[in-house]
Amino acid sequence: MNHSIKRGVSLYSYQEEFFLKKMSLEDCIAATAATGATGIEIVGEQSIPGCPNIPSDKFVVQWFEWMDKYNVTPVAHDMFLDYNKKKGHYYTDEEAVESFKKDIRFAHKLGFKIIRVIVNTTPQIMEKVIPYAEDHDIKLGIEVHAPWHINSPWMTRHWEVMEKTGTKHFGFIPDMGGFTKRLAMVQVNRLIRQGADPEIAKFVCEQHEKGVMAEYTIYEVSRMSDRRIDMAVAELSRHNTFANPISLKEHMDRIVHVHGKFYDMTEDFIEPSIPYEDVINVLKDGGYNGYICSEYEGNRHIQDIQEVDSVLQVKRHQQMLVNYGVK
Amino acid sequence: MNHSIKRGVSLYSYQEEFFLKKMSLEDCIAATAATGATGIEIVGEQSIPGCPNIPSDKFVVQWFEWMDKYNVTPVAHDMFLDYNKKKGHYYTDEEAVESFKKDIRFAHKLGFKIIRVIVNTTPQIMEKVIPYAEDHDIKLGIEVHAPWHINSPWMTRHWEVMEKTGTKHFGFIPDMGGFTKRLAMVQVNRLIRQGADPEIAKFVCEQHEKGVMAEYTIYEVSRMSDRRIDMAVAELSRHNTFANPISLKEHMDRIVHVHGKFYDMTEDFIEPSIPYEDVINVLKDGGYNGYICSEYEGNRHIQDIQEVDSVLQVKRHQQMLVNYGVK
Amino acid sequence: MFEKYMIVEDNLKNVVDEGKVSGFQFGARLPYYRGVSLSMLEEIEVSVDGKVLPQDKVHLIVRDNTYNLKQREEELDDRWEMGEVVNLFIEKEEGLPKGKHQLGLKVNIRIGYLPFPAIRNAQKEITIE
Amino acid sequence: MFEKYMIVEDNLKNVVDEGKVSGFQFGARLPYYRGVSLSMLEEIEVSVDGKVLPQDKVHLIVRDNTYNLKQREEELDDRWEMGEVVNLFIEKEEGLPKGKHQLGLKVNIRIGYLPFPAIRNAQKEITIE
């Protein structure tokens, strides 16, 4: 199968430096381009004040100048749907659709071709908003984020909408964190710093790698300890799930984008928790020709004890993708 | 794809009557034959005293006479692996393999072609026992039982053994209970009889059918009630899982057998909890040509308030299979 | 599962041994859909009128053999088969007084595929003639 | 996440209004990887030396606008952006005494995709000159 998987970076990866204003939006775009990646993904509400309000014309001009200058292209905007934005009120479907349409117009204005749909968006809202997305030629992808897997009940309901409408503008965005074969040590170590028992943590990691069902591990740990911090370690196994990467095959034509989630790259360009090579091979074999966008999420686990270097992390992640055949 | 799915019955389905000695082993075989099914599955340790010790020659002769008389064929024997059979001792791999081999010899003696491998069997034990199964030309199928799904971490480890060995004698046995779209009312009603709040039960059933992740439902119920019986209803959503039936497609060549789990058939030959038609269509499309064996498991949920009629339940289930194109 | 069938009153009686009442017995079925080796019986607890009787006084009579607690723990071959009515004999001076009693039976089975013990309870009002 | 960056001491001072100290203020960042509308701020709780100050005395100054508790609840458009340092002004007669204090900030954000509130806490030893 011919594949032409492309490399991008979600600027979410630079959240530490962006938060502290050590890096500007342009700096993030420049850092992305420096890795050789060509795709830009943003969490709009992070990167652009006022999102999803349409930014100023001045900003829009600047945005496309940056795209030209750095030889990158807008790929995906990650939207949110805060049904409970107004205290005591839950969005009606109409309000939710209106909110979503704002994100579609925002994405469209900035040249994004894909929107990451947040997991709590309901299938009935998707059905109502698809025509608007089609009109703007923007593909909507529901993010398949751990602990969901692509055949989970909730994902199946979305799949039923895809089947029912036959649209080409609604699909899946698997997040690589859904293939967590081994728990991320930065996450485990943070809990140990917060007081978790290292022996219990070791046990949980072993059980997770053996593929033991999280329920069992949680039960065993509840018999080893009555401390909440130890239960939190056990719960890591429940939330950082793994599924056989071949589960993507049957859905390949509907995979519109991929989140390259990672927690901590080694110097040898490996993400120890996630079998990237296996997943990339499945994507290649299936003829996937969209982007994999680096999505560094390790900063929150190390920021208490060290300076975060997201630029280096993303560089290494991008090199890993290249090593596995993503040009 | 040509399919020739065949109908069988697991005598486990008649457990109520067999337990109370209202039906003998022969009665169970006769009841199966009366439905037009041709396959016999047994839980050896239920149906045949002394299992997995080889039964007497007299019994073996009788067994094959029954197979002839009723025009049925032995299909599968369901084994168990009680690692902790001896108090304070956990089987070594060697002991586990020896135990498993007994089941293989037992199955072979009685003409079974398939063994249902209980879920707690480890992948390393599978690897050690496969050659023995090959020598006896018996296919081993790891049962994919809710809450596992065919791409779960544990199932993936078994899949890795299948890939590694390339054997034709190890595959999967999906249990239809892993496609529980709606919670079984007989299960829910039993908990209500035990004191669960019917309003909470209704909420849990709605959330389950909507595909809401069980974690969320359990959390919501924990805020509605501090009673353990209400939490037990919420936990039903966690243990009676659903997965998109198309998840079977990629593994179709390795599906050696199917457990037709069901809880309560309607007079119109429907099992309300499980979308049988969808799963059967996936099996048909994939060219599956093994058995689906009825596996009635409703008795335990109604035995406290009514007389159980497993024979009628199985008859209806078999008619449903016929209605969905399984001859 | 099968809790309502666990206690089999038909076999209920005080047991006379050399002219003296040595205890009482009743029939019991294993509350499980398959038979198990006796070694898997983690616990068989009998109570009468709310009082739990000592484990070491409880004997399991399976077909022609009798097993006390220690013997059950070590018995890997003999089995309490599915649906099989065995007898439980409980040593008790003078047995049970005539009349009605609340008989309780708790069986705890150590099952390979369950991370926790399978505990099943039955209560029955019985009458000693 | 970002707890260690929540309290921004640089902006810490007692506030003088018409010659009197009306309260104190300090800088704060939202402990979240995206900005939110002010209506999503379920709670902003400030404590000094272990004592929680009343919610209705806490004012959020976002760029040119000031919002009290009620105003925050109803503000769907204005946002506390990601990484943005806003000021929290707490009405308090005489402000904070000179010297060291333990300042606590708890932010509770109502997030659409979480079934439970996102509560983040920060503590910092600060000095009033």
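Labels A, B, C and D are assigned to the chains in the order they are written; within every chain, residues are numbered from 1.
In this text, a residue touches a chain if its C-beta (ideal position, glycine included) is under 8 Å from a C-beta of that chain, and two chains touch if they have at least 3 such contacts.
All values reported here derive from a predicted model rather than from experimental measurement.
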| item | value |
| --- | --- |
| Contact-richer chain pair [A-D vs A-C] | A-D |
| Mean-CA-position distance for subunit C and subunit B (Å) | 30 |
| Averaged-CA centre spacing for the pair subunit D and subunit C, given as whole angstrom | 66 |
| Centroid distance [mean C-alpha coordinates] between subunit C and subunit A, Å | 57 |
| Touching two or more other chains - residues of subunit A | none |
| Contacts with two or more other chains, residues of subunit C listed in rising order | none |
| Pairwise chain contacts, counting only pairs that touch as defined | A-B, A-C, A-D, B-C, B-D |
| Interfacial residue positions of subunit B with respect to subunit D in the complex | 216, 219-220 |
| Residues of subunit C that touch subunit A when the two form their complex | 115-116 |
| Touching residues on subunit A, where the partner in the complex is subunit D | 12, 15, 18-21, 43, 45-47, 49-51, 80-87, 118-120, 299-300, 303-304 |
| Parts of subunit C lying in touch with subunit B, wherever the complex brings them together | 1-2, 4-5, 29, 33-37, 39-40, 42, 73-74, 76, 79, 81-84, 110-113 |
| Subunit B partner contacts - residues on subunit A that touch it in the complex | 147-157, 159, 181, 208, 210-213, 215, 238, 241-244, 246-247, 249-250 |
